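What follows is a set of structures to go through.
Paired with chain B in one complex and with chain C in the other, chain A is shared by the two complexes that follow.
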Partner chain A sequence: MKLMDVKLGQLPTWLAMRDFTPGGILGALRRGYDRYYNKYINVKKGGLGGISMVLAGYVVVSYIWSYSHLKHDRHRKYH
Partner chain B sequence: MNLSFFDQFMSPQLLGIPLIMLAMMFPTLLLPFPTTRWITNRLSTLQLWFIHLTTKQLMLPLNKGGHKWALILTSLMMLLLMINLLGLLPYTFTPTTQLSMNMALAFPLWLATLLTGLRNQPTTSLGHLLPEGTPTPLIPALILIETTSLLIRPLALGVRLTANLTAGHLLIQLISTATITLLPILPTVSILTSLILLLLTILEIAVAMIQAYVFVLLLSLYLQENI
Partner chain C sequence: MFSRLVLRAAPAALRSLPPPVAVSVLHATRPLHTTQQCLAPLPPLPEKGGEVRHGLIPEEFFQFLYPKTGVTGPYMLGTGLLLYLLSKEIYVINHETVAAACILSVIIYGIKKYGPDVAAFADKLNEEKVAKALAVKNEAIKNLETAIEHEKKEQWRVEGRSYLFDAKRNNIAMLLETNYRERLLTVYNEVKKRLDYQVALQNLKHQKEQEHMIQWVEKNVVQSITPQQQKDSIAKCILDLKALSKSAQAAV
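And then the complex of A and B:
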């Protein structure tokens, strides 16, 4: 059953039902990729938005990865 | 003396887990696998057109045996191109700024071209060490020079890519620091600096693409001599 149909109280039960094996995680990633690809890229007149969203997400993820390094630069006087 | 300018070249880590592999695998998400359909989406069409263009250019001077290298050269070209271009986005990490990665790409491929040549046509490969029409007294010196030039090729390939990208990224960081620092003090100079930054960014985009192409082109040239 889909996540949007799960009631809040049933959330732990639903989480326990999910497949957390490596094969299951790979399947989930593949399904997520296919959903995004077929919705935004594999269309007749796909535009810049399809890849721009992916690139913007990549920039955000890179910022999060390097945050522990960047926070030292916030109050530094000479960079 | 703070060295924060070089922090952008440090390998990104999340709780001690090295994430450079994910940074290198990310281009695969942007290049969809070609399907068996005749008319696909715009991204796949663009990708296919571009790959055909570059592969034709690369494979023109090679003979039949060289066409076996088409797959690895084209995929290497796409990898380097995507990694270089993605590195220009803010906060991203460019794996090709690491000398270790570029040497790991350059050295085995160069060695493969050399060994192919020495194995299949040893006379012709060694014959490339002496250009035609050299005066006889110069021959020993020229052999030494050509051997050195041959042995330095992998180093040159790796360092060329590393140095170009590292220098570009450093310049962008320095000039942007200057622009931001000058903004409250001398706004006019700051605007001039931001113009320089714009031109530099355009240059960096060009350099990113050219360096990928040059790497693969040189490899194909080395292959031409040896196959």
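And then the complex of A and C:
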């Protein structure tokens, strides 16, 4: 069953049902990639959104990974 | 989707079995065009991709929030989120922010100005590719159709076989007839020659016998004329002549 159909209370049960073996994780990644690819890139008239979303995601992830260095550039110490 | 997983799992499982069993089992487990999911002919590509607003956020997000918050919901969410990140300095403003702002503005300006042209160019390239493939397909179809035409013509020609064979049969019959008559003529000629020979032989014999007999009779007659008989006959002839001349003179 899909994540969108799971109610909030049933989330732990649903998480327990998932397949966390390396093969299962790889399968999940492959499925996610296929879904994104077939929806935004493998079309006749692809738009800008296809790659720009990937690049924006990359920017966000790299910001998160380098946050520990950026913490020292804050203008105020206490928020 | 699950059949694809099955397809991937089946060879891995079968590799453990000994080869002949694997081959026979593979024939049974490989789903040919019997399942619903058939890979050929491929469905055509969708025309447009998923809708993305402002190039960054999929349209589904806006639709997801629309029932509860209306049209401005996601924008309010975005503004609130941004203010929260700035005020708590989860997003730190430093030199990189300025650089990012400059880069983004240049990129957005470039996209807005040259976007449609690039899109049209890419579409043209795609068009050409598809047209080439279509041309190849149509060419192949045309060739096959002409081949079918030729085949049908050959089949029609085959129907005329019986006439061909009748003509050939007639030819052969005529040849046989001619040959037979020639031989008949030869036989007739040969037989006639032999009979002519026999006839000529008989004629010759007859002729020879006659000649021989005449000669023999003449010879004997001549021999039998004695000198006395000769004188007597001559005297008689003279007397006869005198008588005749007298009668002739009398007649005149």
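Rule of thumb we're sticking to: the second predicted complex is superposed on the first by the 75 of 79 C-alpha atoms of A that agree within 3 Å, B and C clash if a C-alpha of one lies under 4 Å from a C-alpha of the other, contacts with A are read in each partner's own complex, and residues count from 1 in each chain.
Keep this in mind: a residue touches a chain if its C-beta (ideal position, glycine included) is under 8 Å from a C-beta of that chain, and two chains touch if they have at least 3 such contacts.
All of these numbers come straight from a predicted model, not from anything done at the bench.
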(request) Would you mind checking whether chain B and chain C clash or fit side by side on chain A after the superposition? (result) fit
(message) Contacts for A:Gly49 in the overlay, against chain B (first) and chain C (second): which applies, first, second, both or neither?
(response) second
(request) Tell me which partner A:Ser62 touches in the superposition: chain B (first), chain C (second), both or neither. (result) first
(request) Give me the angle at the C-alpha centre of chain A between the C-alpha centres of chain B and chain C, rounded to the nearest 10 degrees. (result) 70
(request) Tell me which partner A:Arg74 touches in the superposition: chain B (first), chain C (second), both or neither. (result) second
(message) Touch test for A:Ile25: chain B only (first), chain C only (second), both, or neither?
(response) neither
(request) Would you sort A:Tyr33 into first (chain B), second (chain C), both or neither based on which partner it touches? (result) first
(request) Considering only the touch criterion stated at the top, classify A:Met17 as touching first (chain B), second (chain C), both, or neither. (result) neither
(request) Give one of first, second, both or neither to describe whether A:Ile41 is in contact with chain B, with chain C, with both, or with none. (result) both
(message) After overlaying the two complexes, what is the shortest C-alpha distance between chain B and chain C, in Å?
(response) 5
(message) Shared contact residues on chain A, chain B side and chain C side combined as an intersection?
(response) 41-46, 50, 63, 70, 73, 76, 79
(request) Could you pull out which chain A residues touch chain C in their complex? (result) 27, 31, 39-50, 52-53, 56, 63, 67, 70-71, 73-76, 79
(request) Note which residues of chain B are touching chain A in the complex, please. (result) 2, 4, 7, 10, 12-14, 19, 26, 29-30, 32, 40-43, 86, 89-93, 177, 181
(message) Per the contact definition, I'd like the list of chain A residues that touch chain B in the complex.
(response) 33, 37, 41-46, 50-51, 54-55, 58-59, 62-63, 65-66, 69-70, 72-73, 76, 78-79
(request) Under the touch definition given earlier, write down the residues of chain C that touch chain A in their complex. (result) 1, 5, 45-52, 55-56, 58, 87-94, 111, 115, 119, 123, 126
